[in-house]
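Dropping the structures in below, format is structure tokens.
Two complexes follow with subunit A in common, the first pairing it with subunit B and the second with subunit C.
Then we have the complex of A and B:
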């Protein structure tokens, strides 16, 4: 996992979910972070799309089961994007 | 396993039943259910129907993890003509009971927007509720639709209105007001103060079994004053208020033998917030501005004759708001919210002005079969 991408997502999640960044790990998920509900999930999707300039498909949104999964998804999309 | 959203078909029905069972078991809320039938009972799709319902389910393998409905309809937008829009309703997600599925709510809302960008939602229990919050995140504009009420029997209202009796002291004060008659005096005074003084409106109201062509004339005569209204011509009204639906009444209001307007009235199903009161509702109405007050009065009189304790209505158009106020209705806090997608909001710009002439009532959206 690319640490730079992970850190950016962790910071984003920290702001959205109101949790200190150092408490967010790759395994953090809606089941472990109290404020990660359906509304915040949508906020996270929109924040990721804006930050990384990409569109997330329904299949990709559904893959975002944890911060680690989200970071892997974004990383693979960034790699697949022609520069 | 990936979640896929697809049209609700008969083969999904057992999985939807299982989904409902999980939701009810974990939440304890008996209202948390999606339609067990893939074909909507209200407004099923049919050839050439201008308004219909369709359902979608979020499927993961053999399980259903979410569902929603779209009510497809035509609306008239001032200076822009007829537009196809859809009402997003009954979104339900497994995320309510299992946070593993927190993504489903977002998937449902985005799927609905992809199917119909001119999307709206109505009601939702207030702008602080999860669905309204989610739609706001997606760029929807939220507009509360004013709520009006008229107390017919103050004694029962003071004793039964649970929102006024939430603490022991308030409950005691309300009971005292009911018993001593001071509450009656206060409510009647407030209602009379807003009423048209000394004006007797000349009209005849009759209950009709079904709408016919006279309603087209009234639709055409009055639709110039709205910034947006769902079509209410005779054909659409016959679908919305089918002759075999007996939980509502259709009133035709006439003057000197000519129809001048109509109203749909009904008694709301029991709701804990109203206690044991019989609550009547002016569900829908239509008339030219000069006849709105007569229609409101006709509807209120018919409900009073039916023995209701309280009459309620939600109205967005300023003409109808004034007509209700002049009919002795008081304005109360509203949790009935109109949420318009970005595309629909663009169509309604400038919303600050157009919102005053939107024609939105309790009959819009999805509430009709559930509430009456």
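Then we have the complex of A and C:
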């Protein structure tokens, strides 16, 4: 996993879910983070799209089941479309 | 130079400062974080920390209701963060999807219970005009025209209902034309196609808004065009979450709302202080000389001309310009007044500080010279060091960040919401000339032995008139903008003033002042309310540039005399102290008012009209208009 991308996503998750960044790991998910509900899931999608200048499809949004999955998804999209 | 912080460290530092109770420092770092990394995630952080600070900072409280036909929730956190950065504590109420008609009509709706200061009506064309969107191909031309007419008159009815229940400002999104009209290229051939009819609705909407006070149109089509329609929209999010705006345009949408909310909340800048070298022109005059600096119609001077044109536009809106530059005065003045490429000349600037001193000190002096608070100043400088120095010394100044590339300067200045005005009065458009007259007055004042001689020489005229359609906008503007000589600092919108003027027992006066040097325009307001034989001064304010020359006494004498003529036995008025209105503190005692009450909010003063009168100053000529 690219540590820079993971760190950025961790900061975003920390901002959005109101949890200190050091308590967020690759396995953090809607099950482990209380504030990660459907509203915040949309906000996370929007924040990712804004930050990384991309659009996520409904299928991709489905794949974001944990912070680690999300980081992998973003990384692969960043590699697929060199910016 | 203050230490640069990276955004991750800034978050930690904000929390550390919050834990220490260092409120001001935490607030500055939080604003810095927002400036450096604005976006949806940062907005959530800023929002949660701002909630801990909001009651401890001198923020302007403002309540905004958003009535809508689409998802606006993700726009609210960036909007509140942006507001916080401009000193506004914004509370937001969001209406249910497509319930705006009920909300406007029903006096007991959640809209009116919220008691907003402003309402945004953000409705998509397909929701407000479905016939013209989805069924257009089925409509005969006449039926289409009637459908457009129904939409426009719908707006008029909603505005009328709204005004029966609320005096809040109303900001209405104009309608977007379909990107791909039903009739294809045929649509472009007439005014009664889909696009033509929606344009017609928009122009009707502007006419209707223009005939109501405090109702404004947000040019949504213009906004979308600025970012590009294809780029602005996100069809997938629309289908998935009823959010038609793409993620990266949520912040631009919030910023467009801010262009209304900043002037509505009175957090505007009255003057812009600019640097010279590499800001007004390219290069350094002291090194490159008259032939070396870049300013003119061709690249690379053209970017600087574009900025100068933007500054000229600001000065036409009544925003004063001032110079603060580290330079040799003679070099800089030669470039200002003699360089053929300059659009701005020294006469466009109301105050000039060209020296080698500290910029924050120069800016303080400029504020004093212009008689405005430093929080009414904005500062533009290409040098990040100077910007940080000013920010650290004068956090209340709006410091405008510019990138390296001068081609972007003009747009950044034009986009800055502190320069927005919702109406322009004659006073705004002549303000620069007025300040030139003001300098002549100051020079004259020094040449007289006594104040009385100076007053006599000035030949002041005070024109006192009851509120009229001509002065209503200016009266509201003065209540919103006047901070120093303002006894109660009550802010009123145009709609509220109009409402008050129709109430029995309320008297609203404005004062216009002229003297031998020129016309100050309408510079003061007094609002008095009669009740039970007593006249209470609700509002009494004057622009600082006429204070100390006895016209304040003229205004008081006039309202006291009118109150006595109406049969009032006593005139009373509160002085409500703020951080800024110390110049008005002794006004009532100086005019022989007696203290009758004092509490945590302020002091109440009274004057017995049956036994005495307030003397009208003998060097001011009174002109009354009815």
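In this section, the second predicted complex is superposed on the first by the 81 of 83 C-alpha atoms of A that agree within 3 Å, B and C clash if a C-alpha of one lies under 4 Å from a C-alpha of the other, contacts with A are read in each partner's own complex, and residues count from 1 in each chain.
In this text, contacts are C-beta pairs under 8 Å (C-beta built on N, C-alpha and C of every residue); 3 or more make two chains touch, one makes a residue touch a chain.
Computed from a predicted structure; not experimentally measured.
**Q** Based on the shared subunit A superposition, would you classify subunit B and subunit C as clashing or fitting together?
**A** Overlaying the two complexes on subunit A (C-alpha atoms) leaves subunit C and subunit B clashing.
**Q** Could you tell me if A:42 is touching subunit B, subunit C, both of them or neither one (first, second, both, neither)?
**A** In the superposition, A:42 contacts both subunit B and subunit C.
**Q** With the two structures laid over each other on chain A, which partner does A:51 touch: subunit B (first), subunit C (second), both, or neither?
**A** Only subunit C; A:51 stays clear of subunit B.
**Q** Is A:11 touching the first partner subunit B, the second partner subunit C, both, or neither of them?
**A** A:11: touches subunit C, not subunit B.
**Q** On the A-aligned overlay, A:3 touches which partner chain: subunit B = first, subunit C = second, or both, or neither?
**A** Neither partner.
**Q** Clash-wise, after the superposition, say which stretch of subunit C runs into subunit B: 62-70, 512-520 or 584-592.
**A** Only one listed stretch clashes with subunit B, namely 62-70.
**Q** Quick check on the output: what are the common subunit A residues between the subunit B footprint and the subunit C footprint?
**A** The overlap between the subunit B and subunit C interfaces on subunit A comprises residues 39, 42-43, 45-46, 58.
**Q** Residues of subunit A touching subunit B in their complex?
**A** Residues 29-31, 36-43, 45-46, 58-59, 61-62, 64-65.
**Q** If you look only at subunit A, which of its residues touch subunit C in the complex?
**A** Touch residues, subunit A against subunit C: 7, 11-12, 14-16, 18, 21, 39, 42-51, 53, 55, 57-58.
**Q** Would you mind writing out the residues of subunit C in touch with subunit A in their complex?
**A** The contact residues of subunit C facing subunit A are 7-8, 11, 39-45, 48, 73-74, 77, 234, 236, 240-241, 243, 246-248, 250-251.
**Q** Considering only the defined contacts, which subunit B positions touch subunit A in the complex?
**A** 2-5, 93, 95-96, 99-100, 102-107, 109-111, 130, 133-134, 137-138
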